[in-house]
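The following blocks contain the structures, represented as structure tokens.
In what follows, subunit A forms one complex with subunit B and a second complex with subunit C.
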Partner chain A sequence: MQKNRVFVNAYESLSCAGNTAELMDAIYSKKSAITIDTSYMSEHKAGLGSFAPNAFFPSLISVAETVLEQSELTDFSETLLIVGSSVGGIGKSEQIFFKEKSYQNINPKEHAISVISDALNSAFGFKDSRSISTACTSSANAMMLAQRLIRLGAYKNVLVVGADALCYTTVCGFQALGVLSTKKCTPFQEGREGMNVAEGIAALLLQDHETTTSIELCGSAGSSDAFHMTNPDPEAGGAMACMQKAIEDAGLQLEDVDYVNAHGTGTQANDAVEALAVERLLTHNPPMSSTKAITGHTLGAAGALEAIISCEVIKQQKVAPQTSLEVAENSVVNLPGEAFETKIRHVVSNSFAFGGNNTALVFGAVK
Partner chain B sequence: MKMNFEIKATAVVSAENKCETLDEKRIVPKMMLRRRLTRAARIMVYLADACAFRDGAVVYGSAYGEMQATADIVGAIDANEPISPTAFQNSVYNTAPSYFSLLHKNKNEILTVSSGDDTSKNVLQTGALQAATFSEEVLLVCCEAINIAKIEEVNSCTEYLESGVALTLVPTDREATLEVSVQEHTGFAPSLWAMLDVVRACENRESVVVALEL
Partner chain C sequence: MIYIHKSGSINVRQEETFDVKAAWKKVSPSMIRRTDRFIQLSLLGAYNTIGQEEIPEESALYMASGQGNLAVFKRLRDQRYIYKQPPKPVDFINSLSNTSGFYVAQFFGLLGKNLNVSRHGLVIENILMLAQADLEQGREKQILLGGVDELQEPLDFTRRTLGLCDDHLLGEGSNWLLLSAQKEEALASIEVLSDQMDSLKLKAYFASLQQKTQVAFGGRCESVWVEEILKLYDFELFEYASECDFYETNPLFALHRFVEEGRGELLFINTFNAQYRVIKVVLI
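After this line comes the complex of A and B, so read on.
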């Protein structure tokens, strides 16, 4: 069977830390963009990541437009769109229901996950589109599918878009689970309080040919914990399985990994299990950090946003530091306190979700 | 790019209000797990059981996801009441196949597609890609469970408030005997139509090989 190589040839993002260039500056200078907010829960403070209240859809189009401008394409008419999102249009449905106490004026098409691909299709006219919704692995899984389609020769160009806006359902829902932090989150820190919900948009153009600025998407894999709906397998079996399979899919050895961009939400359960997975699997102890300390957890957009960060880390040959870390809970894993330049050939980017849904992506400098 | 896949098993279920014969006590013997299942999860595990599928990659699809959990959360926020943690964990679109993975300790990849009216068309495409990637049998399920209070205020797409369709497929080198062409299936939500085309074409036939676009 045909096996094309897959290249990330253009990308842009928008998060509470700004566009991609601003985000990387914030990551390397360890400046969290989280704000402490009571707008979603008047009686509870929560760290949230917001960039454009009420301007999510114009921002979505603008980010995709920037990717088109960066690319050699004149339009997206020969490009497949794969969207990853966990909430779709629920924010608008909430607003209508809270105001009218009725579903009557909720448009089902604007409520669904596919509202994002519909908006992008209206603006750009893609060849075809599909939407993936596996909670916080949504856009990581979109990346994985894009890689497989290009690898098989089914498409030459795939635009992956991860997009999730802030809404009451997610902010109040995570509060109900008792995993929200009232402060800026502190991934992997001993005694950490929890996560910060955030919004984000990230778009990456994957193609079957390389350009002068390409980063290769070398490998990907998924797994299921089959353990619990929200708690990860404490033995880290699912997290290790997807990392190992993704590294094998890339044709690499475990010791070829030079940096891990962790899922690292800042919750007790996730960070303990993810650190254990990396400790057990990557025994050469590569540096690892969670950039959610800067962006918050952008839910369905996180996989694509952190794919962009992984590409930037390879381009800049500079490890992203672990912001907000004083004392690590896991003293074995390598959580760098400061950014540093080093040879970075391959990066693993992890995404984990409700339902025990795990995805790992492997990026590499083009050889 | 098209590839050919043999359909190994199919199943359909639908009801105007509530599917009553989902055989939950046999399929999900553990009461604690059974009590937590959403309506879509009950339909999903029933269809998987009907296809005799327990272990392998799964592609699930739903245009509207877990409507009851979503309505419960939004209603609680509006009423300034506490949100049920179970409602929140059950509100994600991959809830149903995740319960399937818990039930059978299935550690394979699970993907969930939500592409509006094109959902089951995209489930077929994504399932085909997964089957081609793993060279293994893959379970495809598409389900809508929208039987919630006041759904009539917004429902104009289906007579069946609960419905689901499933099939399993494997890659094959055999000639295709069926091309998918999306027809209207009266009563069902459009998000199920493409898979219903395949499943209906398999009725009363021993073997169907379908050509699917990846």
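After this line comes the complex of A and C, so read on.
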């Protein structure tokens, strides 16, 4: 079957490091935007990434609007919306419950995962929408589904939005699991403390035709560890399988990968297994870094946010350095201490979630 | 074209009680700890479909739910605001949308893609379209696809969540299909028509049908409209609604019942926000 190619033609993001341009500046100059916070847990410090307390939904609309303005589309009436989110509207219902200590006035329609797509639909009138919720791989899976639908010819335009707000459930939930860092996170560092929860919004317009600024979404794949609910397979089988399948899906050889945007949460379990997977699979040792040292872990938004970072790395032909790294736990993988310019043809962007849910995306410069 | 190779179901009506935990314990006593009712429903429905049979480990798992695991969110809220406690780790983990998918994948040893799709209305039609795209492109060889909804008290809150009127009976269920692009040994073919239609387009589609067919309707279709369609086009109604109260993923129950007891061809028509989708099932 002849498959359509899939191009990322417009994008914008908002994270604690600002918009996409500000984020890339922060990444290349290694300036973490994480702040140390006690607002969710007065008795515990936690590094959090926050950008717009109580302004999440207006920011969501504004980010999507920026993408629409960058594109040739005059409206989204022939565009499919796919949202990746793990939090949805939980933050809103938390605020009401916190104030009233009752479920009575919670609007159920504003609680669900699909509240993000509902809000975007009312603002822009998409042809259709769906929401993917697979925790921290949500928007990476949304990208993968968009790619498949465009390849099949089912849609010409798909807007992928990854969006998660900070809320009590996630901050305190990760604290209860003992994986939050009290400091700015240090992915891949020996003796690292844990992750920083953050909020983020990222929107990418995927289309079946290229423009002068396109980046190609060449490949994608998912896998399941089926190993443990909160721990990845220590042999890294699932992580390797999804990267390998995504590279095959792109029609590439392993050595065609020039940079890996790692999931790199800063937790003990994730970083050890991801480094092992890259060490074993990509033996040509391409540079790898986790930009969560700058943005924190934006959960369901992370896949889309890091897709944008991957596109920017290709456009700028400049590798993102590993911020906050002094001594790497895995001394084999290539974690660059500084940004540097080089030829970057293809980037693999990894996303891994609890439940051993793994997704890898492959981006490339348009040939 | 894609095909149904197995179908299975748990379907519980509003007035029925069903001890899911006890039923699942009989199947897998070791996989009870840390699971809640939503997860047990997911596991039991998938088990009723696949049983002890082994399915290829590369098979993908696609799950959908109308309202998700709302019960665990209530527990998390209560822990924080009533009992002034931090969230219990097990409840936080179970609140993730892909937790049920993990347990099902672990039980059957599935290493393929594992997805969870959420949507207000037409969620089954949408997840079937994704499965259709992946199977037809050869991206997946086999997909275990399920829809799970748990009945959540208070019922008026759930009705509000679902946008239903006060007298709507609510049920719960876990209904699954094993799908592939292979016709051999299949029970039926299944296709979601690519066009989302308004009422006029749908009627034009009905008028274009060459042969008399059986139809079934989703729970959001108004009964007056259903009567009108049945009269206008001389369709034969495939009756499943008398066995099943409303939950968002119950179209899979209708398809399961048709695969079990139907004959010939079924058009399943469902609606949300004045838009219609049609699923066509042809028994082999």
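Before moving on, here are some points about what is shown:
Just so it is clear, the second predicted complex is superposed on the first by the 366 of 367 C-alpha atoms of A that agree within 3 Å, B and C clash if a C-alpha of one lies under 4 Å from a C-alpha of the other, contacts with A are read in each partner's own complex, and residues count from 1 in each chain.
Note that a residue touches a chain if its C-beta (ideal position, glycine included) is under 8 Å from a C-beta of that chain, and two chains touch if they have at least 3 such contacts.
Computed from a predicted structure; not experimentally measured.
Once the two complexes are overlaid through subunit A, subunit B and subunit C clash, as defined at the top of the document. In the superposition on chain A, no contact is made by A:283 with either subunit B or subunit C. After overlaying the two complexes on the shared chain, residue contacts for A:152 are found with subunit B and with subunit C alike. Applying the stated contact rule after C-alpha superposition, one finds that A:3 touches subunit C and leaves subunit B untouched. Of the two partner chains, neither subunit B nor subunit C is touched by A:77.
When the two structures are aligned on the shared chain, A:229 is found in touch with subunit B and with subunit C.
Once the two structures sit on top of each other via chain A, subunit B runs into subunit C at 6-14, and not at any other stretch of 6-14, 204-212 or 222-230. Residues 1, 86, 88, 90, 93-94, 97-98, 101, 103, 108-109, 111-114, 117-118, 129-135, 141, 145, 148-149, 152, 154, 168-169, 172-177, 221-227, 229-230, 237-238, 241, 353-357 of subunit A touch subunit B in one complex and subunit C in the other.
If you check the complex, the residues on subunit B that touch subunit A are 1, 36, 63-65, 70, 73-74, 77-78, 82-85, 88-95, 97-99, 101-102, 104-116, 118, 122, 125-126, 129, 132-133, 150-151, 153-155, 157, 214. Listed in rising order, the residues of subunit C touching subunit A in the complex are 34, 60-61, 67-68, 73-74, 76-77, 80-82, 86-89, 92-93, 95-99, 101-103, 105-106, 109-120, 126, 129-130, 133-134, 136-139, 157-158, 160-161, 163, 194, 196.
Subunit A meets subunit C in the complex at residues 1, 3, 41, 86, 88, 90, 93-94, 97-98, 101, 103, 107-109, 111-114, 117-118, 128-135, 137-138, 141, 145, 148-149, 151-152, 154, 168-169, 172-177, 221-227, 229-230, 237-238, 241, 249, 353-357. Contact residues of subunit A toward subunit B in the complex are 1, 86, 88, 90, 93-94, 97-98, 101-104, 106, 108-109, 111-114, 117-118, 129-135, 141, 145, 148-149, 152-155, 168-169, 172-178, 221-230, 237-238, 241, 353-357.
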